[in-house]
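Chains here go by letter, A, B and C, matching the order in which they are written, and residues are numbered from 1 within each.
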Amino acid sequence: MEWARVLEALLFAATEPMEPSRLAAILREGPEGGQGWPEVKEQEVRDELAQLSERLAPRGLILREVAGGFRIGTAPDLSGWVAKLKGVARPPRLSPPALETMAVIAYRQPISRAEVEAVRGVDCSGTLDTLVERGVIRITGRSEAPGRPILYGTTPLFLEHFGLKDLEELPNSEELRRVKLPAPADPGGPKQEELIHEASEPAPQS
Amino acid sequence: MEWARVLEALLFAATEPMEPSRLAAILREGPEGGQGWPEVKEQEVRDELAQLSERLAPRGLILREVAGGFRIGTAPDLSGWVAKLKGVARPPRLSPPALETMAVIAYRQPISRAEVEAVRGVDCSGTLDTLVERGVIRITGRSEAPGRPILYGTTPLFLEHFGLKDLEELPNSEELRRVKLPAPADPGGPKQEELIHEASEPAPQS
Amino acid sequence: MIPMLETPGSEALRVELAAFTGPLDLLLHLIKEQEMDIYDIRLEKLTEQYLARLDKMREENLAIAGEFLVMAATLLYLKSRTLLPVQDRPPEEVEEEDPKWELIRQLIEYRKFKEAAGQLGEREALHSRIFGRVPERVTTSPALMGPGQVSMFDLVWAFQKVLRSVEERAKAGRFSDEQFTVGQKIEFLLDRLQPGEEILFEDLFRSMSSRGEVVVTFLAMLELIRLRQLIAKQEGPLKPILIQRAVDPVLDAPSALGEGAGQASVDSPV
């Protein structure tokens, strides 16, 4: 493809994952003040990306499909080398409690704090704050439930951080999305009542 | 070279131009918690970089030698494409006064504010602040002149932005460095002679 | 990340307690440790083990999260209930299913998400080893933006403009006029302006007859500015420039130049 080198330059310079449809659109439109290839199709871009992926492999680079787009990165086996570069830092990993909260939100979004707490059995305000701060979850709205609690969902950065193409790629997603969750509003045991009380107050926004 | 893919990954992820000597040092040291190639020599790295440069050419990428190091970038003829990407917006241009001040500093560094002002005939404190903030000039020391004024010089970012290997690569540098400029305090003092002396090497014209 | 505990020695216990993400996590661990079937938990044994762990926590002076105590209460309630003969149970509960099923359901659901969290953690571990290219904009501090879209042509042009204006000024009048010296004009300026006083830049030159005198006076002014005796001020672009005599002139005033001044003279220009 005569536009293959444009494709690689675009992927190299992009600061976020690039969707094939957007890459095709840019190739069709052409550069600033120049001519493009008006006939480029998304499927051709996908084919070229597959070839690029193979060409990158022996070169210490990989093409990842994350968060709905494609992004060039360094090969995982070279991480020990790359980490030695100045100014290159691995994003810190999430703690086990934060990962649990993350998992509940990822599978059950949009979800309120009280609902997450009903699953985990512990106060989650701290881990929710951490996750919002890290940019992997965000407030997506308010529930219609009493007290109109704030609802959380995942962000595109969540997909990128965990190397996921989309939410469908979450392991066992079908099953975990179906599981009946302990409802925080169900007046069952003593613990549940505590949560109801909490959930009836407007949730603090971090 | 078995370490060629490490080299490309390092150049890809680096946040600044990489000197061949540093690349060789990293290759010898090895990755975090791993083994390197203790016998790698700087010249071998340079040879490999030359080969990498050739391999990159048909791919829309180039290996640039800037600010004393090497850096992968997109090919100049593709800048119109890259400019269409979100997030690669350039900072606003420098104002003409700031540009003048930068030019004087580039050719006549190290230079004090009073000396720049004597040349430009206007107060330069504002433009100097702007340039320091933009990271293209920095304080490099103090003059021995009365009052020990602070001296300014260009930064590696200056070289990088203009794609210069070093200051010798500035156009007409020999001629422009030799031109006699008005000195602020003592016209015809030792400063002029120093400047002429500095420009003793021929400079390539771009 | 969750250590599997073989012997509940105090050292190991300390590690373990920090590692449990909540009471459900601790319960799952105990069920596994006691090799119980989650669908057939022995409440008496489980409660005993659970309370023993809490006691250990207290001995170790570890802060016990409230949720652990709430769970202890729940377990005690469920255990006490199993000890009651069916006819002694509150009538509304006789018809209902055993409330321990609620706990079991919660444990089973929690376990699913805990496993999912583990898988996410593995993905995270893998993908944290892949580095993207860090955009230059982010790596240099936000203030360090470079000169913007300025070309080498702009730079050379700017310098030539400076040289032209120098030539013009040189043509208009000689740079050093025999009649005036910079030293004389320094005295003139210090005489003209008292500490704290200010004057319009143009007004300083109003009385001067020759271009040479203007240039020498200007150089004197620059020298005094350099020595921090005078301050040039401008409120904005195109606003008039004011020259002010410093109130308390400090001859060597690095602090006025900001924090960068302190580390000067180490780096030589490239």
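Note that in this section a contact is a pair of C-beta atoms (placed from the backbone, for glycine too) under 8 Å apart; a residue touches a chain by one contact, two chains touch by 3 or more.
None of the values given here were measured: they were computed from a predicted structure.
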{"item": "Subunit C and subunit B - chains in contact with each", "value": "A"}
{"item": "Greatest separation from subunit A - chain, by CA centre", "value": "B"}
{"item": "Centre-most chain, if every chain is reduced to its averaged C-alpha atoms", "value": "C"}
{"item": "Inter-centroid spacing, subunit C versus subunit B (mean Cα positions, whole Å)", "value": "28"}
{"item": "Chain centre separation (subunit A, subunit C; CA means) in Å", "value": "23"}
{"item": "Averaged-CA centre spacing for the pair subunit B and subunit A, given as whole angstrom", "value": "38"}
{"item": "Multi-partner residues of subunit B (each touching 2 or more other chains)", "value": "12-13, 15-16, 87-88"}
{"item": "Sites on subunit C at which at least two other chains make contact", "value": "131-135, 137, 139"}
{"item": "Footprint of subunit B on subunit C - complex, ascending", "value": "131-137, 139-141, 143-150, 152, 154-156, 158-159, 161-163, 165-166, 169-170, 175-176, 182, 215, 218-219, 222-223, 225-228, 232, 234, 241, 251-252, 254, 257, 260-261, 263-270"}
{"item": "Subunit C - residues contacting subunit A, complex", "value": "1-2, 19, 21-24, 65-67, 70-71, 73-74, 77, 99, 102-103, 105-106, 109-110, 112-114, 116-121, 123-135, 137-139"}
{"item": "Subunit B partner contacts - residues on subunit A that touch it in the complex", "value": "4-10, 12-16, 26, 29-34, 58-61, 72, 74-75, 78-88"}
{"item": "Contacting residues of subunit A [partner subunit C, same complex]", "value": "12, 15, 62, 64, 66, 71-77, 79, 82, 87-88, 90-91, 93-97, 99-100, 102-104, 106-107, 119-123, 161-164, 170-172, 175-176, 179-182, 188-191, 194"}
{"item": "Residues of subunit B that touch subunit C when the two form their complex", "value": "12-13, 15-16, 67-68, 87-88, 90-94, 96, 98-100, 102-104, 106-107, 109-110, 112-114, 117-121, 123, 125-126, 131-136, 138-142, 146-151, 153-154, 156-162, 166-167, 171-172, 176, 179, 181-182, 184-187, 206"}
